[in-house]
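Scroll down for the structure; my scribbles are underneath it.
Note that the chains are named A, B, C and D in the order they appear, and that numbering of residues resets to 1 at the start of each chain.
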Amino acid sequence: MKKAPALAVTEWLNSEQSLSLVDLRGRVVLIEAFQMLCPGCVSHGLPQAMRVHQTFKHDDVQVIGLHTVFEHCEAQGTNAALKAFLHEYKISFPVAIDAPSAAGGIPKTMAAYQMQGTPTLILIDCNGYLRKQKFGMEQDLTLGAEIMALMRETDVFTDSPAEKKHTKKLGECDKHGCSL
Amino acid sequence: MKKAPALAVTEWLNSEQSLSLVDLRGRVVLIEAFQMLCPGCVSHGLPQAMRVHQTFKHDDVQVIGLHTVFEHCEAQGTNAALKAFLHEYKISFPVAIDAPSAAGGIPKTMAAYQMQGTPTLILIDCNGYLRKQKFGMEQDLTLGAEIMALMRETDVFTDSPAEKKHTKKLGECDKHGCSL
Amino acid sequence: MKKAPALAVTEWLNSEQSLSLVDLRGRVVLIEAFQMLCPGCVSHGLPQAMRVHQTFKHDDVQVIGLHTVFEHCEAQGTNAALKAFLHEYKISFPVAIDAPSAAGGIPKTMAAYQMQGTPTLILIDCNGYLRKQKFGMEQDLTLGAEIMALMRETDVFTDSPAEKKHTKKLGECDKHGCSL
Amino acid sequence: MKKAPALAVTEWLNSEQSLSLVDLRGRVVLIEAFQMLCPGCVSHGLPQAMRVHQTFKHDDVQVIGLHTVFEHCEAQGTNAALKAFLHEYKISFPVAIDAPSAAGGIPKTMAAYQMQGTPTLILIDCNGYLRKQKFGMEQDLTLGAEIMALMRETDVFTDSPAEKKHTKKLGECDKHGCSL
């Protein structure tokens, strides 16, 4: 397991403050990487992310949209376009705009995660480890089970009291009951 | 019955030349008025228009998309955005960009037809008469029947040989067999 | 074109009287051949037939279900089972039970039409000719167009006044306006 | 929490031996109560149960269909009909035929669970406790999470080593890793 790379974001929509993965320790984080003109994102990925957002308590599971524009940049690249899109599609979870790379290639977060395209579904556990990254579709039954598995993880990976203290947030993952 | 108002168009996409309703006499014309950020257009109206485009011969039925931007103008109003959208959603029928009104209100063709919003489905008969205009969804079974009813209309409205000559295009409507 | 074979029926459900194709001259007839334990019939064929039943005037289009039991005869072969099925699935058009063959093979009507299985969709024109027979799925757009094409057929095959009189029923097909 | 009532079954299909809830201790058990002529069972409940059967390891989650015939008894009540139905709908998990009540009312297991009708979804935890009973539809995302929550339960109710020994099966629930 490796730590999930930090998000490189130019602007947050649907959120008054910036979110960071470090601050989200103690919650399961689902990242839905999408582009507003990606049909599979519109028909499958984003509606599924909205279902997760509506099904689980936000203290247990934080859903984040990540707008990773790597094509049609002129069309998709403005915040106005994305805001209109989120409004029309009633997407209410926080959405991060992935920071463009200096070299003009794929944006920074997308590159850091080595994503293959959109939609990409990412699950990060309560300790900030990257636990799932899937390009394409995932069925709801599997996703629901995986999220709950991460919610119910105990600190099995911490085998010394010292380390336990160091990862104090870890225990919070269990603190929250099942939201269902 | 009234004649369908002419289209006021700034640019055509997916078509090498401009189309005019007058030149399309002899065919049934289906106009799908849409906006690229309208969820009902993306999930229902445009896929239905594509099914019509794929099911009927183009000499019998001409499908036209009409991009009628009346909101989120900054986001939807560029040709680059629309071109990217049509490419991603694999929409291959001709698409007209409705001409903006001078006063800055709803675009010209949309105003001429007094549309209520998007998606709006329009059927024009072989003689250029406006025969159906529906805001919202229409079921495929009904639409298929209505298109065929217009394809099979004979010149019942022309009761003199003189008039028949005058409306020479009218007969072409019958010339084409059922494409099915 | 050939005349549609007569129906061989042991019992009619959802109808107070027996129906015969000869008596239905002047209407388009849609026959949906099905078995109650055929998944494709339950999920596609029968719902489509119900949409036709609800969309068109019954004077224009007569929808008939034909229960053609050729497998699982013990399970599907009782009228009680079929009645319960029609009740639960809210199928309200007349349903004919295809007559078993003497030899114990496929039932008589199914054999007369040389059907390949269920669901099979059949269209018979206003003059009793078999115009379409399709094993499997048909899309609604195509079916709607085909039904209307048959509804709008004029007596093009009758070229003398004498013959016109002889085929008096034929004209009735046009008498009814489009139900849409 | 209460213990799930025992199943009263006249015959098992898709299973060489009878299953009992007691023998299934250590697994999560999903019971899908259905009738073969119940549209909601056919379109939603049974396909969902099949998805659970295909998604989770059978050592972790045991899916059981329970045919609870309480209406149309003549049509649905024969094993031949049910066998044909299971074959046609490709339902491969074990199916129990609920035992008719002596008084002729609703069958015995259905009565013991006080079910309101079909489909009814039941979840029983690794220790045999009834944890969920829902009449109607449940979304996949929620169901996946609930199943995993039960799979990940530790023996929190057993607080002494003695009791732990006594409920030896209980620990097996944790033994199996996540099947996903």
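Definition applied: contacts are C-beta pairs under 8 Å (C-beta built on N, C-alpha and C of every residue); 3 or more make two chains touch, one makes a residue touch a chain.
None of these values were measured; they are calculated from a predicted model.
With steps allowed only between chains in touch, the distance from chain A over to chain C comes to 2. Here the CA centre of chain C is 41 Å from the CA centre of chain D.
Mean C-alpha position of chain B lies 53 Å from that of chain D. Taking each chain's centre as the mean of its C-alpha atoms, chain B lies 34 Å from chain C. Contacts between chains close into a ring here, every chain touching precisely two others.
Annotation, chain-chain contacts: A-B, A-D, B-C, C-D (touch as defined at the top). Per the touch definition, chain D reaches chain C in the complex via residues 37-39, 42-43, 71-72, 74-76, 78, 80-85, 87-89. Only residues 48, 51-52, 55-56, 139-149, 151-152, 154, 178, 180 of chain D touch chain A when the two sit together in their complex.
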